[in-house]
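The chains carry the letters A, B, C and D, assigned in the order they are written, with residues numbered from 1 in each.
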Amino acid sequence: MYIFWIIPVFLILYIIRIIIGPSVWDRLLGMNLVATKVVIIIIAFASLYELTYLLDFAIVYEIFGFISTIFISLFLMERKKGGKK
Amino acid sequence: MIYAFLTLWIVGALLIIRESKIIRMIIYLGIFSLISSVCFYMFGAPDVAIAEAAISVFSTVFFIVCFEKHFGLAVGVSDVTPESAENRTNLKKYIPPVVFTIFLFVLFIFFIPENPANSYLKDQYLSLFSRDVGGENSVTSIYLGYRVYDTLFEALMLLVGIVSVTHLSRYCETSVKEGKPSDINRADIAVFTIRVICPVMLLFGIYLILNGHISPGGGFQGGAAIASFFVCRYMIYDIYDIPIERIIMVEKIIYVVVVLLAVLFIFIGLHSFLPLPQSVYLITMNLLIGAKVTCGLIIIFYRFIAFERR
Amino acid sequence: MQIAGNIIIIIGIIFMFFGVIGIYKFKNFYSRILISGQIDTVGALTVIIGIAVKHGISFFSLKLLLLAGIILLLNPLATHITARSARLSGYLAQEQEPPPHDKKDGV
Amino acid sequence: MVFDIIEIFSVLMFFISFYGLITSKSIIKSVVSILLMESAVIMFFLSIGYTSGIMPPIGQNPETETVADPLPQALMITAIIIGVAVVAVNLIMLISLYRQCKAKDWDAAKKKSME
């Protein structure tokens, strides 16, 4: 399938953005985008083999990438508030 | 395509090693864990991939809590001496570790035995697991049937880790019972959506545990998913009303029950006397192991969070 | 059915390609997060719907729709919280460079 | 040599993290290096016997030719859970060290312990 060759190119471009991103929030945004792209690769893999139980991993991946992104951004916000005191 | 992901994996590790600022290192660590989880998935191991994806959240959370709450702003300034002009002239101090590492690498490459992998055991396991232990997921059947010793000692190691964490961290009960108000500046939309997502996560963890013997998943993965529900609960309410002493007691009792059940079913062979289907043993063990992993991760997480605020 | 699914997947990939262009084109952080957050969510949803169309009505596509719902719920929220965190921490839109505390604290 | 190129990756990774472990100055980077080293070991065990188009070992009677080996997977699941406990214990020890002597890298800790 062509998805398997196009999505890794996007992933490499996102990772270059993560490396040169000037601030932390650029890197967090890149982390979120990488997680979404990888979910699409997982779905394509499961669709190639016609195995339904592989989709469980996609749901787990989406939810856990979301939780770590949100936790890091909440803690960054809290830090700035503590610095103002 | 697997080579592209492995190359990204190596690049991520090089970034982590070369990075000098801690918070960037933690974000790179999160991305690295996600990419390694996909590599496990490509190798045909969805169980390990789910476990890695669930555990990557917890390692990221532990690092960020440790960095943020306990070091505060002091560490962020410079953890490594800045790369200035004096370090550039001092380049030759990097040469001995590089040479030593390359020497070990070449030695390892040349020292491997010349035998192909023996697939006898793999064929035996794959053809016999359904008759001997039951279930359809051969990984679950192996770690609950043939290799139950490993699971028991893993549970023991987790218990030892929790005991050492609770002994090393000082912690005042009274400030925990009151439940301090939140100082996270949250958006209403975030609170609402996380409230919608939390029951979905809890349900999904229970689904992973109960279907552990016929689809990827099992006690460890489902336990980590249920424990991440409590992470979300902390993000919404920011209170510490978890009775930690009681949870430690529950975990010890669950460990004893796990050992007793494994001894009864595997070593004595109780299921040959009783007219039970084989999946009853698998589901019960998965539930107990899931409860144990949940308790352990909750204890470690709340210890990390409540350490400073005594 | 196969051809329709392939066409929808290619449309989704073109959306993602616009997202990649947008993440490099803009100098401002808030423009980047706006473009990439929206286009990325829409591209992922379109690719998922295309794969579901290729499989027809089955258990597989039902589970894919559940996954699409979760992505629709979670992905904009993640970008929202990231942008809110940046704004409340004093990362202004006018500045071309990261704020001074960013450099000083070594973030 | 029977090593596939896919196993070289994880060996290379192990030695990269080894390099990070022996040259890091801050303690938290040492903990991260231990985590990376463990990830390399897990990848090495899983990549043994990889062929393209490999399938997960789930099903009633899987064909033994195209299916991954289930034994390393069952061992590696336990290794991952032990890894997170190791990381937690390391971080708690780091916090206690910081509370005692305000040292965040190895040199300062050594200097404090000498006094």
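Heads up, the rule we're going with is that contacts are C-beta pairs under 8 Å (C-beta built on N, C-alpha and C of every residue); 3 or more make two chains touch, one makes a residue touch a chain.
Keep in mind it's a predicted model, so treat the numbers as computed, not measured.
Between the chains B-D lie more C-beta contact pairs than between any other two chains. At the far end from chain D, in terms of centres built from Cα atoms, lies C.
The distance from the centre of chain B to the centre of chain D, each centre being the mean of the chain's C-alpha atoms, comes to 12 Å. Averaging C-alpha coordinates per chain places the centre of chain C 31 Å away from that of chain D. Once the centre of each chain is set as its mean CA position, chain A and chain B turn out to be 19 Å apart. Multi-chain contact residues of chain B (touching two or more other chains) are listed as 22-24, 46, 73, 185, 190, 197, 200, 215-216. Across the assembly, chain C contributes 70, 74, 77, 81, 84, 88, 107 as residues in contact with two or more other chains.
Counting partner chains per residue, chain A has residues 24, 28, 53-54, 59, 63, 70, 74, 76-77, 81, 83 touching two or more of them.
Interface of chain D with chain B (complex): residues 1-3, 6, 8-9, 11-13, 15-20, 22-23, 25-26, 28-29, 31-33, 35-36, 39, 42-43, 46-50, 52, 54-62, 64, 67-71, 73-78, 80-89, 91-96, 98, 104-105. Of all the residues in chain A, the ones that touch chain C in their complex are 3, 6, 10, 13-14, 17, 22-26, 28-29, 32-33, 36-37, 39-40, 43-44, 46-47, 50, 52, 55, 58-59, 62-63, 66, 69-70, 73-74, 76-77, 80-81, 83.
Interface of chain B with chain D (complex): residues 2-3, 6, 9-10, 13-14, 16-17, 22, 25, 29, 32-33, 36, 39-40, 43-48, 51-52, 55, 58-59, 62-63, 66-67, 70-71, 74-75, 79-81, 94, 97-98, 100-102, 104-105, 108-109, 112, 114-117, 119, 121-123, 125-127, 129-130, 136-140, 142-143, 147, 150-151, 154, 157-158, 160-162, 164-165, 168-169, 214-216, 218, 220, 293, 296-297, 300, 303-304, 307. Against chain A, in their complex, chain C makes its touches with residues 9, 13, 16-17, 19-20, 23-24, 29, 32-33, 36-37, 40-41, 44, 47-48, 51, 54-55, 59-60, 63-64, 66-67, 70-71, 74-75, 77-79, 81-86, 88-91, 97-98, 101-102, 107. Of all residues in chain B, only 21-24, 73, 76-78, 185, 187, 189-190, 193, 196-197, 200 touch chain C in the complex they form.
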